[in-house]
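By letter and in written order, the chains are A, B, C and D; residue numbering begins at 1 in each of them.
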Amino acid sequence: MSKRYGYLGPTGTFTEMALRQSTQLATDDEHVSFVSVDAALAALRAGDLDAAMVPIENSVEGGVSATLDALASGDPLVVVAEQVVPITFVLAVPVGVGLADIRTVSTHPHAWAQVRAWMGTHLPDVQYLPGASTAAAAAGLSLENPPYQGAVCAPVAAANHGLTVLHEDIGDNNGAVTRFVLVARPGQLPAPTGADKTSVVLFQREDRPGGLLELLEQFAARGINLTRIESRPNGGRLGDYCFSIDCEGHVNEERVGETLMGLQRVCAQVRFLGSYPRADGIEAHVLAGTRDDEFVHARAWLNSLRNPQG
Amino acid sequence: MSKRYGYLGPTGTFTEMALRQSTQLATDDEHVSFVSVDAALAALRAGDLDAAMVPIENSVEGGVSATLDALASGDPLVVVAEQVVPITFVLAVPVGVGLADIRTVSTHPHAWAQVRAWMGTHLPDVQYLPGASTAAAAAGLSLENPPYQGAVCAPVAAANHGLTVLHEDIGDNNGAVTRFVLVARPGQLPAPTGADKTSVVLFQREDRPGGLLELLEQFAARGINLTRIESRPNGGRLGDYCFSIDCEGHVNEERVGETLMGLQRVCAQVRFLGSYPRADGIEAHVLAGTRDDEFVHARAWLNSLRNPQG
Amino acid sequence: MSKRYGYLGPTGTFTEMALRQSTQLATDDEHVSFVSVDAALAALRAGDLDAAMVPIENSVEGGVSATLDALASGDPLVVVAEQVVPITFVLAVPVGVGLADIRTVSTHPHAWAQVRAWMGTHLPDVQYLPGASTAAAAAGLSLENPPYQGAVCAPVAAANHGLTVLHEDIGDNNGAVTRFVLVARPGQLPAPTGADKTSVVLFQREDRPGGLLELLEQFAARGINLTRIESRPNGGRLGDYCFSIDCEGHVNEERVGETLMGLQRVCAQVRFLGSYPRADGIEAHVLAGTRDDEFVHARAWLNSLRNPQG
Amino acid sequence: MSKRYGYLGPTGTFTEMALRQSTQLATDDEHVSFVSVDAALAALRAGDLDAAMVPIENSVEGGVSATLDALASGDPLVVVAEQVVPITFVLAVPVGVGLADIRTVSTHPHAWAQVRAWMGTHLPDVQYLPGASTAAAAAGLSLENPPYQGAVCAPVAAANHGLTVLHEDIGDNNGAVTRFVLVARPGQLPAPTGADKTSVVLFQREDRPGGLLELLEQFAARGINLTRIESRPNGGRLGDYCFSIDCEGHVNEERVGETLMGLQRVCAQVRFLGSYPRADGIEAHVLAGTRDDEFVHARAWLNSLRNPQG
């Protein structure tokens, strides 16, 4: 049966590229574009989608707040796959427009932040008009009388809209990548592969000194490495944070399970955001004493202490 | 001698309000508006300003990346004061426009994120046009043929541009505040008050497991509470972070000094962003064994061990 | 059916007093004295005894090495009860002997250490002859031509052998107590009472820096207080230690069970020495997040994550 | 000028051997034997000695309580050198006595503990008579009508008293060694060598949960390894301990100095027992970030933060 996937649109965004690259897709799957992360995840929660691809982290700009916040509240959703996409920006213009004609450029604010140095050198006097997405900026150039003359977008978006690429690779950071996650309603977990990540959002029981330290010690005590940590405001007063964390390992593994239970006991709330294979395939580093068989053996040993007659 | 202060403009932004509220200002001081945090801090670094007021943290939206990143690199700057301003949004329109006439609304993306629920209820079909600032969105409505009919902005910006306020307090979060910092070139430190904060950016020596834990233990070992922690990408590969941290206390205090030295020894780089009085005036919690006189006493004792004949 | 209990003899030792005070004894139980802790525990291991009372810790002299080492190797034994006995020493002599007649005094070395100040004041020139026990020193005075004229012993031992008590309460430390443990072969565990101790011996996996810190963190991570810690040589090279530890709580409690499993995973060996009611009846301090019901709830929550369809 | 050294006697003890092996001795130095550690250290405190050699730790029997306790209270003394001596026991008898003639054996209790297995095999029915030292047991055999027929002692003690050695190397543990320390009144510290130890006794501020953990973290935070840790009763109630600790490094080194200051701030009392070259010459492991030049650099950096104009 074909599936229905949402993504942060419009056509031509890096998010769509991430969705296309995802190995889970079949040829007859349906792709639906949404104007915002919130809209895509709302449709997913409503049952209109099987899954949605959204950006979560950029190597230059950091965490994508809209995604982090949308996953941290509302009906539970879980990540089932991740995709890392190199980010390459082009300067696209309508046919016939030259560099000297550009007085205003539009693109998504995150993209703008990543081409600032190039713009400072090549178009020092250009004005910036924020766009809803890089692809929307490109699309706008194909309308009549656009209020800007150039768009910073992905190569595919320039091609989609018949634009001319004046310059390729104008990003200030050559190795820039964005990490996207495929999100679904809770259901069958992806099977452990030995190279997995687990994502959680941790809400502290109270605003106590050393609180974050205590949470990190729950991971450290079981030898688990973190691959990402973001603090996000709780929506309450200044300084009231929750922590969005990715760690190595799969919830079905013993050391991850015990860590999650430990967090659940000391946190006000632990929101589980899924266990899924890492895009880079790097196997988890498992410290001596934290392998599954060592947990199983320890449990059997404990049972023998508790039931010495058995 | 009058001073020259920069701020994230235009006139009517919350940043200007923060600057006006700052108790350090004299009546003949000059206020200069800038189109971006980067521009304001560049002018400050160039010596064109005595100080600049910029937003650093919002209780709903989190850290302000542009400010965090601009402080974390380039010539050193330090925070010399902080200001916390309640954020109140109004829906402003040109005279004669009613709610039913609004098809498109403009504002800064952060502001948009904070009025989403209100918009979903009252203007569910409205389109969003990103603006460079809340004040710029208000200003745009006074131009001829603006591409939008409503602006989300501060009350003062609506007043500045002769707009009608259709609705007050449309923020989804009533207690929302933004924290602003007054930044200067390194010079005379503000004197310790007993209710101070110290800000640093920590770059880890390598991407090692438990790295953040090790850094936090440097604070914990001297009984120092953190009031803010943000991870920011280093601009390198995914997962390569630095940490922007505010902690209680003043660099001139012994426990803070020893903590900074400890961090400096184990980090690749520690960037000092200043010690300054807290806006809320809350006195630092000083654990037994970490008072200045206890450090002085311990040092005298150590000297007596090293020079037993003395 | 009557039971057979061993103790460190001879009759009149504080160990026998501890055994008599033990509430577990029936009137027809048999008490057997042994010349050493090793001998008593060997008989217990051989099945000749139901249990044995041995000293483990003195408030002045510290851990009793013979007991600690005998429990740490050989066939497993577990503590099933503890008894704390105030230690009161008397100076006993044969009938007719006066203070001025005493040139040599005998007692156990631990007892001698606890009356040194008294001796320095009242018998500054007396010679010390080590005895196998305080009671043996008393017994020796009833033999013909003993090589000493006074014994430091318990009041009961003086009475047993018809000796005269020249001085009572000659201990340098008025509140001195010794803690005794009733040891048995592994079998039915004493039921948890809420005021229990658990004893273990921990052998580190290798001689690694920070090794003890890592072990203590296993306790701290589950909020468990230690009541005693002793390092004992492993019998190998200098600096090669095992750790004999008592902690609050019962092995059947979740937080203690998880701690023991954690220790078992990171140690070369964990030797379980029993869970038993505290002699002082002080209830364990249970931190928020470490109650049994919180562990049970966390486990159910983890299961729901692992089986989201269930 | 010749010096006067005390030691735990009599002649022929392992302690005397340690003193003779010490490289610090000149040929005209005077050696004075004492009947107890307490007596030797009292003479040292009174100014009658320049230094005293006493046993502190045995690889089989553990810490020597008399030495640990004598150093932990009273006028300050410091360790200025250490010596590690292999412990070899012989079974010595008067001329003409054979194995079959031995019904009772005398020696120091620590020595007896180390030959138990040999005795169990070769003299299973022998009685044990505690002696004040191994050398005293040997000396006793040269008196008229001794109450025992064999002594367990060092080879040199057997030779000193003209005894016959029936069996050599009867210790159960072939590699057994005892560590001795040369103690002096506080004065000129031995110069740092890069392979030093520092000894301290730590008294906790109160009996608080996690207290030992907090103390160990002071060492760990500066990357300092412990080589020995003993808990000793404070002489107060059961469970009231102080900790006798040896760590790598010299008090004149920055990381050790900061650790000692940290301990001094959080402890009720820190008793410094000296910094001295290790007998085994093993160089201290110095973690990145804890070298002296890194501390010096960190301090200069902190000063530049505090005095930005300078």
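Everything that follows uses one rule, which is that a contact is a pair of C-beta atoms (placed from the backbone, for glycine too) under 8 Å apart; a residue touches a chain by one contact, two chains touch by 3 or more.
Model, not experiment: these values are computed from the prediction.
The set of chains in contact with chain A as well as chain C is empty. Remark: chain A and chain B have CA centroids separated by 25 Å (rounded to whole angstrom).
For this pair, chain B with chain D, the centres built from the Cα atoms lie 57 Å apart.
Chain B and chain C have Cα centroids separated by 59 Å.
Residue numbers of chain B whose C-beta contacts span two or more other chains: 217.
Pairs of chains meeting the touch criterion: A-B, A-C, B-D, C-D. For chain A in complex with chain C, the residues that touch the partner chain are 78, 186-189, 205, 217-218, 221, 251-252, 257-258, 260-262, 264-266, 272, 288-290, 294-295, 297-299, 301-302, 305-306, 308-309. Across the complex, chain C meets chain D through its residues 38, 57-63, 65-66, 84, 109, 113, 116, 128, 130-132, 147, 173, 175, 177, 179, 209-210, 212-213, 216-217, 220, 225-233, 235-241, 285.
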